[in-house]
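The letters A, B, C, D, E and F name the chains in turn, as written, and every chain counts its residues from 1.
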Amino acid sequence: MTGPVPPPLPLIDEAVRRALAEDLGDSGDITSASVVPAGAQSSAVIAARTAGVIAGVHVAMRTFNLVDDTLAVTHRVMDGVRVEPGDVVLEISGSARSILAAERVALNFVGHLSGIATATAELALIIKGTNAKVCCTRKTTPGLRALEKYAVRCGGGVNHRFGLYDAILIKDNHIAIAGGVGPAVNAAKANAGHMVKIEVEVDTLAQLDEALAAGAHIVLLDNMDPAQLKEAVARTAGRAVTEASGSITAAKARAVAEAGVDLISVGWITHSAPCLDVGLDFTSGS
Amino acid sequence: MTGPVPPPLPLIDEAVRRALAEDLGDSGDITSASVVPAGAQSSAVIAARTAGVIAGVHVAMRTFNLVDDTLAVTHRVMDGVRVEPGDVVLEISGSARSILAAERVALNFVGHLSGIATATAELALIIKGTNAKVCCTRKTTPGLRALEKYAVRCGGGVNHRFGLYDAILIKDNHIAIAGGVGPAVNAAKANAGHMVKIEVEVDTLAQLDEALAAGAHIVLLDNMDPAQLKEAVARTAGRAVTEASGSITAAKARAVAEAGVDLISVGWITHSAPCLDVGLDFTSGS
Amino acid sequence: MTGPVPPPLPLIDEAVRRALAEDLGDSGDITSASVVPAGAQSSAVIAARTAGVIAGVHVAMRTFNLVDDTLAVTHRVMDGVRVEPGDVVLEISGSARSILAAERVALNFVGHLSGIATATAELALIIKGTNAKVCCTRKTTPGLRALEKYAVRCGGGVNHRFGLYDAILIKDNHIAIAGGVGPAVNAAKANAGHMVKIEVEVDTLAQLDEALAAGAHIVLLDNMDPAQLKEAVARTAGRAVTEASGSITAAKARAVAEAGVDLISVGWITHSAPCLDVGLDFTSGS
Amino acid sequence: MTGPVPPPLPLIDEAVRRALAEDLGDSGDITSASVVPAGAQSSAVIAARTAGVIAGVHVAMRTFNLVDDTLAVTHRVMDGVRVEPGDVVLEISGSARSILAAERVALNFVGHLSGIATATAELALIIKGTNAKVCCTRKTTPGLRALEKYAVRCGGGVNHRFGLYDAILIKDNHIAIAGGVGPAVNAAKANAGHMVKIEVEVDTLAQLDEALAAGAHIVLLDNMDPAQLKEAVARTAGRAVTEASGSITAAKARAVAEAGVDLISVGWITHSAPCLDVGLDFTSGS
Amino acid sequence: MTGPVPPPLPLIDEAVRRALAEDLGDSGDITSASVVPAGAQSSAVIAARTAGVIAGVHVAMRTFNLVDDTLAVTHRVMDGVRVEPGDVVLEISGSARSILAAERVALNFVGHLSGIATATAELALIIKGTNAKVCCTRKTTPGLRALEKYAVRCGGGVNHRFGLYDAILIKDNHIAIAGGVGPAVNAAKANAGHMVKIEVEVDTLAQLDEALAAGAHIVLLDNMDPAQLKEAVARTAGRAVTEASGSITAAKARAVAEAGVDLISVGWITHSAPCLDVGLDFTSGS
Amino acid sequence: MTGPVPPPLPLIDEAVRRALAEDLGDSGDITSASVVPAGAQSSAVIAARTAGVIAGVHVAMRTFNLVDDTLAVTHRVMDGVRVEPGDVVLEISGSARSILAAERVALNFVGHLSGIATATAELALIIKGTNAKVCCTRKTTPGLRALEKYAVRCGGGVNHRFGLYDAILIKDNHIAIAGGVGPAVNAAKANAGHMVKIEVEVDTLAQLDEALAAGAHIVLLDNMDPAQLKEAVARTAGRAVTEASGSITAAKARAVAEAGVDLISVGWITHSAPCLDVGLDFTSGS
């Protein structure tokens, strides 16, 4: 219980192998093969260029070792830790060719995931002291969802469902087809398994009442302003988890959180967080 | 020669299948299975919520049809086209359950790729009228490089090498190991194939002279200010392609371009472009 | 909402392709290649040899069509339907070689899955009229879990969690490590996501009280006799879903169900149900 | 030559990885992640709960080590050994989280394969002292054939062909298409390779004569009663291997074997054997 | 029964997809993308440049259609047919870009497989009129064995075992370990299944006697001269299939065949046959 | 910079795993399982039977270790080294069963790749002392291109492009569609990336002039006789790399090389080189 638990190792390795195949192709690193002697040894560090929260250290370590399992790779910070510019994240030593072959893939993972962790942490800081937590969505980069949801946890956020398969979220289109919030929730309760939670998106307080009456476990309060949210939380009165969503920018987040909701869910921490700037520097070489 | 050519279809399908597996898991869309009748038919559109340049229409079409090949899917705009808020990108009709099962994956692809195309196009607009083109890097999202490089082309940019395997780029660490720009370029020329271009990163005009004397095909002018770049272009005198790089923000780009370089390469159009906001709306249902 | 929803098609196809590869190897059906003329056309049916509940019709249909997409395959009963000996499940016509190449794999799927559906339905019949439902476990055949859980639904049962990833089930070993039922449930509530349900296994009424006080969503009443179960249900008083487990044979099930629990979970419907006897008969050939 | 040889390791690993992916999904064991401290160490054993013959020990060992290669895993019995209730099969020690993550998959493999070995061994015991051996069929669980055929060997049985690809078995439908037993066997001899054995299913003594005259290597005596089998064995007079099949229950097996056949082939040892009850118990923990 | 039966379609498609991925990479055919208009339509033929026996027509057809399923592809000759220079094998029409993208992979398959078929056919012609058939070995190109063995059949040869898994071949190293030909064959008979044939390599007539006495099904007469082979065939007297092997060149083959053996097995028809020269010509274009 | 750099290790392992799966199937080496005791230990060598240049030593080493990572495998020569008959390439010791299971796959790789290296080296010897180098093409065995191109490097040759994706080669069909050499090269220059080289095939000196005027980087002089080639080289005057192709046999190669071209490209070194004869001999066994 020290820090977030990463996705299963086979999933990480599969993502790393795919990225390495993408970068190495059939002929590998032809620059190093032409310019760097086969026996050259080097030491290098991955360091932060800007401040942020790190995620993906283990992924980077696997990247170096899947290229060359004789590389010595040591982490200097754990995932979830805040770094300042210049802080060293990882140390690598061994074959210069191997380090160069893995460099870009390792940096792309750490930069991308740390960007998400950093955006999450910044939002978490904004709402600090309230009851609310930052929550992610399914608006993730195709193929990287498990890692991105892990990065959200590294940044101090919590995860929403992982896919369409592990929880029920009834949205506007479902409600329209089912003929209302109540009928939709009732259909879900009748048909879904007992191990599955049911959430329903509501746009109005009337819909909220209907959702609560039907026994939804979580209510997604969509596009409500702080006053509406406050009223919604009051009406819910602990009968369901309350989640606010809908274009919640950093500027709006504090007011939303102070309305008393349990969760603020935002897509942009996964789909639009800028990369954290990290780089690799050689510290010695032969 | 009408619009950029997308990656090979098997590559697109593999990316789509991976993203669908990630979202559908072992039990599929349990919300729709519980709430939406099996026979329900609907029509829906994917439309832009904000202005931008579209990329990934074909990917979205494959997403719907890999979920259900009986869905009718028609594109209303082509990749590379600029859209305004409300513009319809795709129309889909058929099984409501199938549309809902594919919705999020399709949107994630279009949003992510259109975000890259839009960022590229914005930068291209800034440097319009100069000799320079916007160019991407290998700083891409792991597993999506071919699609992201395609999105850059949709935005009016050009592609740098696709990986370590298809061109030589000699950077600072290579130069240090090889003992200078000249020896590094010479090693590359001696060892690399005749079908491979050689680029070398230079930080100073002295290095530039060395690179040109050694016969580099492209020179990467790293972190030079506009005045230095102008001098570098003058010295190069057409003997090599000139590429400027190094923290070139939108604010700096015009001045860099006006220095006369052929290419401005930026990592942020692929690693930090925010998602373009696109959404799916049901237009009818039964 | 007509019958259980099968797993996603790509998952079914992957299972079928794997089974076909296992049976066809590198050289295919060498018997038919030697004995059956290339152009021979036949019609055949898959029929039940004993009574039971059918599951896997769609899987069998995919099997024939992944061997040869020109085969005409028509189902005569839907998954979840009870059949008597001699009832026709599927009709196939086309190339005799193709029908023979797919026969065994199709039968193995239908026999295995219908065996599970039948065992489930038999147990469901035994507890008919009570409040309880038949529920499966993670004691499934490696590689076939999604299909086996679907077969349970076809037999009228409900599904427990699909894996370690989609719900929390705190068992004896977790309780021992966490230092008791209460601390374990509290740790789960503190660390797990809001979209995840929490179940805890209790062996005694004292543990049950602890679980309910801590707010478990589901209580797994393990190895309790009907009298204890009745007391447990009474104490629970609707605060949690009640699930009985632990060597519940067909002989014991009615008494367990009448104790008032919501669910009876049994491993043997998935790991030990005998195959339903189904066979393929040629009805004509040229 | 000590005990049956298991399938190739890559095949075992692939089956284990698939089963682990099925159980761990994208987020892994969320119960242990929430309740068990990261550093907790434990020891555990897998022990038999009922008597039977063990198969799958190596598969279970790979399961633990593919989850975590730092787990110490030691087998206490070999595959093919008979165990009594309480006998320890495997000992595992190391990270408690890793043991719990692998537990169910390891048990599902050992339980399933040992169930097959046990059913085989029970049948083998019934026919002990006769000339006959227990033989499996292609009626196996999709995706697990190689492991199930290995389990049959662990139980003292022998294997029939592995698929459609490695031997010829001419059945009723082939005979009908070919125009008789003789023409079918002759076609097989003319067209099949010299490394391939030819078996033919016969329903009558007349067909048997035809098969022997045509030179079949093995005759499958289908649905004959013991008297007919005795006559069939006598007529065959060593010219072919004799295999009895067709609804041979444990009750009928002795009489069939005493008729003098070489092999008794039964589908139910692979498709309908109940799981052997095995469980994992923690023996210590920190 | 018209022509050899090709390997299962999924196996062919997997080989084709792998070859296409190898040729198209992440960016596809960048020449056609740059030079050929998207809408250009063409017709083309694949024709033989030298005489030979064709194999791989279906593989080539799948290649074109896996690149673009709108291409019209028609075969003009079947696998196994002898062609003269200029004979058209396949006709293709449709998108010029698609034809060019598939061209080289299709030609590589047809050229490689037809080379094997042609070498086989040439050897078959040399031994025409004798009792012997041309037989292949396991000396095949890694990854292409099933297709190469099919090409041998197209050339009029027969197949030896497909791998280590489908038949027993006891060679010198096994004999040394087992302590002689007799013990080795006896061990095989005791341990191998009844559906498996047993072959043993013998270097001398004494070993041959031992093999026959032990009941080997096939004897591999290794490196014997025609006189020895004649004596070996006489001693065998129909008790086993006789197979000659060991550096049997085209020049030696007739004498070997006339010695009366059933089979002449040669590695070079699969591992060293030169490619048949085939080319693609555009017949029209727009 | 000591010897050619092999393809990325994951690519090698994937090729080896595929070949092992092909040879071992579902049941593995049934001969050794029947005849060789489980504990038997042996030592063996792979040695050349004929003279040639070795390629694939690392691939063979991986083959043995992917079958059994406890085998001790030591190379005695490096790839690219010339061997004489009897020279030992590899030494292996450990489990006799494991050595026998890997033997054929290891030999098939070494034989095939060394055959290519040897053919390349023989051609390189013929043109020794001229300016020309031996160059490969895309006429490779499907699925093995990266390894075959590596074998060409081991033989002293150089590589042409790896696929359609990494360089532009404008051929006769492109020229016809584009309307001439000039327009085709101009289209390529306009549309292709700056990191991509452009080659154009020319059949006449007039086309050569057009290609040079348009700025092609490499000119493929197709089917020209030595006199034409000499003139072509003279006209090119260093403005482009010159590559001769078109049915260049060993007999013609010297004259072609003496015409002054930079490269001689031949398909037959990859598609038609006979296997180098290598074998495995046991040196001791228990």
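Heads up, the rule we're going with is that a contact is a pair of C-beta atoms (placed from the backbone, for glycine too) under 8 Å apart; a residue touches a chain by one contact, two chains touch by 3 or more.
What you see is a predicted model, and the numbers here were worked out from it, not measured in a lab.
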{"item": "Far-end chain from subunit D, centres as C-alpha averages", "value": "B"}
{"item": "Chain centre separation in whole Å, for subunit F relative to subunit A (CA means)", "value": "44"}
{"item": "Between subunit B and subunit D, centroid-to-centroid distance (C-alpha), Å", "value": "52"}
{"item": "Distance from subunit B to subunit A - Cα centre to Cα centre, in angstrom", "value": "22"}
{"item": "For subunit C, residues contacting two or more additional chains", "value": "1, 22, 24-28, 33, 37, 101, 145-146, 159, 162-163, 165-167, 187, 191, 193, 196"}
{"item": "Touch-based graph of the chains, sorted into line, ring, star, complete or other", "value": "complete"}
{"item": "Complex interface listing, subunit F residues touching subunit E", "value": "15-16, 18-19, 22-37, 40, 42, 96, 100-101, 104-105, 107-109, 111-112, 115, 138-146, 162-171, 173-174, 176-178, 184, 187-188, 190-193, 196, 267-268, 271-272, 274-275, 282, 285"}
{"item": "Contact set on subunit B toward subunit E in their complex", "value": "1-3, 5, 7-11, 145-146, 149, 159, 162-163"}
{"item": "Sites on subunit B touched by subunit F in the complex", "value": "1, 135, 158-162, 165-167, 187, 191, 193-197, 199, 218, 241, 243, 262-263"}
{"item": "Residues of subunit B defined as touching subunit C within the complex", "value": "17, 20-21, 24-28, 33, 37-39, 66-67, 101"}
{"item": "Complex contact set, residues of subunit E against subunit A", "value": "22, 25-26"}
